[in-house]
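The next block holds one structure in the form of structure tokens; read it before the comments.
Letters are used for the chains, namely A, B, C, D, E and F, taken in the order the chains are written, and counting of residues starts over at 1 for each.
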Amino acid sequence: MSEEVKTVKETCTIMTEMVLPNDTNTLNNLRGGKILHWMDIATAISAGKLANRPVVTVSVDQVSFLNPIKLGDVVTIESKVTRTFNTSIETYVEVWAENLPTRTKYRCNDAYYTFVALDSNGKPTRVPRVEPQNEEEQKQFDGALKRRQLRLIIAGRMKPEEAEELKALFVQ
Amino acid sequence: MSEEVKTVKETCTIMTEMVLPNDTNTLNNLRGGKILHWMDIATAISAGKLANRPVVTVSVDQVSFLNPIKLGDVVTIESKVTRTFNTSIETYVEVWAENLPTRTKYRCNDAYYTFVALDSNGKPTRVPRVEPQNEEEQKQFDGALKRRQLRLIIAGRMKPEEAEELKALFVQ
Amino acid sequence: MSEEVKTVKETCTIMTEMVLPNDTNTLNNLRGGKILHWMDIATAISAGKLANRPVVTVSVDQVSFLNPIKLGDVVTIESKVTRTFNTSIETYVEVWAENLPTRTKYRCNDAYYTFVALDSNGKPTRVPRVEPQNEEEQKQFDGALKRRQLRLIIAGRMKPEEAEELKALFVQ
Amino acid sequence: MSEEVKTVKETCTIMTEMVLPNDTNTLNNLRGGKILHWMDIATAISAGKLANRPVVTVSVDQVSFLNPIKLGDVVTIESKVTRTFNTSIETYVEVWAENLPTRTKYRCNDAYYTFVALDSNGKPTRVPRVEPQNEEEQKQFDGALKRRQLRLIIAGRMKPEEAEELKALFVQ
Amino acid sequence: MSEEVKTVKETCTIMTEMVLPNDTNTLNNLRGGKILHWMDIATAISAGKLANRPVVTVSVDQVSFLNPIKLGDVVTIESKVTRTFNTSIETYVEVWAENLPTRTKYRCNDAYYTFVALDSNGKPTRVPRVEPQNEEEQKQFDGALKRRQLRLIIAGRMKPEEAEELKALFVQ
Amino acid sequence: MSEEVKTVKETCTIMTEMVLPNDTNTLNNLRGGKILHWMDIATAISAGKLANRPVVTVSVDQVSFLNPIKLGDVVTIESKVTRTFNTSIETYVEVWAENLPTRTKYRCNDAYYTFVALDSNGKPTRVPRVEPQNEEEQKQFDGALKRRQLRLIIAGRMKPEEAEELKALFVQ
């Protein structure tokens, strides 16, 4: 039985949002939690474009916030699927912001969100594979294994000494 | 000059939320991004109770979602400060949900959010220390060092071989 | 047949909210209606914890707003069941606010919300009793009768001269 | 110095809302707290039309919910000023709902909200008087005294034996 | 078979809204899109009052925004049905705003929204007629034909030379 | 003095939204007003990318809704500037929706929104020109004159007989 394959491009999603007063703190910076929320929606749509099924977030890798985003700025969120593992879907998302009056565009953060696709009974179900089409997509595809090991170790579901890919980082 | 010290308890924050239709996907599960948003608000309040200043989120450690939360369930979010480092504040947050009609309460996830306190010019500023008062608080306090090393490595700001605490995990 | 009994503590609910721009008037004070809304959610959760069933608000006693709550302040809403009468549940809720930068905490208001529990056909149904465990809970429990008479009189469902408990207030 | 006078009609406000999923409980009934919130906005606008200044809610009299309002129904909220006392403004609000497909219109509840007008320093300030123009407005105007006594007694700011108007209800 | 007839008055809807921070741009003007949204809700309720069925928006005629509406102002939206065509319902809506502190009331814009009523299978279904009761209602009723031709031409569903009513405007 | 010129591409904006329960009517169709609101935000961002200043909506041309958008569908809104006239900016926006589980993508509607750029005193100010780069952009650019005449006629600010471009449509 042949398996369905999609390109990374078919899963791309672009969201644009404006920073409104209710989403900022008293210094007029966008709350980190709101960015995490937007990134979850964008990546869930990317995962949904791959799976053509409902998906649920199973994990978010560490997110660092590089630059505060200011009230009134325009935020662009771009996401895509990087690799799939049976029933789980790793997605990558990047956030940029732009202050239109001063014409400054700045990078805010990126993240990996992982989803599981569910069948009509709410049980995890097999998803199509993605096939990288260029060098950058291939690099993301290859790195997915290492990120997956780190996720399992942090979640306490893999022993560090079994994580061959990661171990190499620490032992030279 | 003596430095201000607070107890972990002084920073505790409890939020209760109900899962509404707009926050769920088509299977009536609460979106992961909404939980991340609520956890950010709770931990920002905890960090604010410590610093008595505006705070901004600088990072969120990996979050795994153990159990999907259903429409109509009551969600309890409990957060507190675990340790501070000069200008940064590590907080811990736990999420539980409860289905009232069936009287089932289930654990959903936990996470570490890190904040920086800002002075009136928006620059990072020194924060009070927290002092652990019991064994569990001490354990969280001690673990903060290791989590901080992992954060710096993942963010590309520390070399793995310099992370003494983490290295021990991989090399025995 | 024995009847179910719960403690007041089992019904306690704590909500924490931040005052956002959309909820304030032009003087940056939180609208009274928003507080009433939050108090309704907190007390409905307390009533739901008692009844383990859907509940509907049937009345709110007079609410006085002591201190205006300012934009950016952190609001804490604590609610609990005080007493039940067959199908109805009286709850009590207290609201405090805190300005973190100035470290000032101030009392805002309190209120009694009454609910009815509904069965699966949407009809009022019998609810468990609460048993006061300390002096303060006993006082709230005892006062519930007098508050109930006042409610019925104001709603035009009881004649003032039948309200023995209340009458004593006016005739000495 | 002559004092400004307005008619009740000049303060009338009509709001129309639709009941949306996020405002209902699991039985598809509109939450009481949402109605209280809408009534607060409508009456605040009525009070603002009288005072031409910012106003803050100082109290809400007891509210009873007669009929549950269902998801999708159209809610009409009508408010007006009934009487003023130096710096405070009593308003009356009535809520009706309508199910368009079945052509049924039903009364939901009414309430009295009291506001204080604030000057530019946020201090209570004198407001115009309202002049009743018909029998119904006169009745509301006259009843305001008795309602004010009850408010003060419940808030603990007047002794029951001083409330002459109310006392008559209990002692015949 | 006799057909149901309603008056224009039976379809009147009044909405009152306040301009909140989240709905304004950086110059504190209400976004045009929010006004279009409010006008859609008001006219949908008017169309629903006529049809006593669910309705969907099928078109909005050109809308011009005469005066910017400012943060904090009170917006009044009044709508009514002007004429029906088998399954479609033309509605008219006018928007006024008022700045309470300065006592200035100004006209903002008006528009025609057209709806189709749907039966329980989601198919367009016949609606009652409206009968104009005064000169202004008659004028709106009569003008509906010309507006309908323009709509069909712009939507590419009628050839300009077939639009007899409109043609007269251009050829004299 | 040389004038600033931008390409159409520099003004492109893509928004992705999901249809949530609160934005639908009782037949689970997205409200037309919500689409109009989203289109206004997307086009305002496009106009802001051109002008690098705050912009206000001055008019929306007739909008026809071709296909109802269903609850849960993913909506893509793409906008760009088509032409500018001194201080005003015409933008074009297209809306597509997609039902992920059934893999059906359908066109919903398109529209022209016109904005004016404001200087720091809130007065209309000159904006850069856009230069079409391909046939389709040129066609939109050329059609802008005719659309502008129709807008002015409908708004009552131009006599039909002066609208040379439009007249040709009716008189052959």
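Assorted remarks:
Note that contacts are C-beta pairs under 8 Å (C-beta built on N, C-alpha and C of every residue); 3 or more make two chains touch, one makes a residue touch a chain.
Model, not experiment: these values are computed from the prediction.
Under the contact definition stated at the top, the chains bordering both subunit B and subunit D are C, F. When each chain is reduced to the average of its Cα atoms, D sits farthest from subunit A. Each chain gets a centre from the mean of its Cα atoms; for subunit C and subunit E, those two points are 43 Å apart. Rounded to whole angstrom, the centroid-to-centroid distance between subunit B and subunit C, based on C-alpha atoms, equals 31 Å. The mean-CA centres of subunit A and subunit D are about 50 angstrom from one another, to the nearest whole unit. The set of subunit D residues touching two or more other chains comprises 21-22, 26, 41, 54.
By the definition given earlier, chain contacts exist for A-B, A-C, A-E, A-F, B-C, B-D, B-F, C-D, C-E, D-E, D-F, E-F. Contacts from subunit E toward subunit F in the complex involve residues 25-27, 29, 31-34, 36-41, 44, 54-65, 68, 113, 118, 122, 150-151, 154-155, 160-161, 163, 166-167, 169-172. Of all residues in subunit B, only 13-18, 41-42, 45, 48-49, 52-54, 74, 100-103 touch subunit C in the complex they form. Of all residues in subunit C, those touching subunit A in their complex are 20-22, 72.
Listing the residues of subunit A that touch subunit C in their complex gives 21-22, 26.
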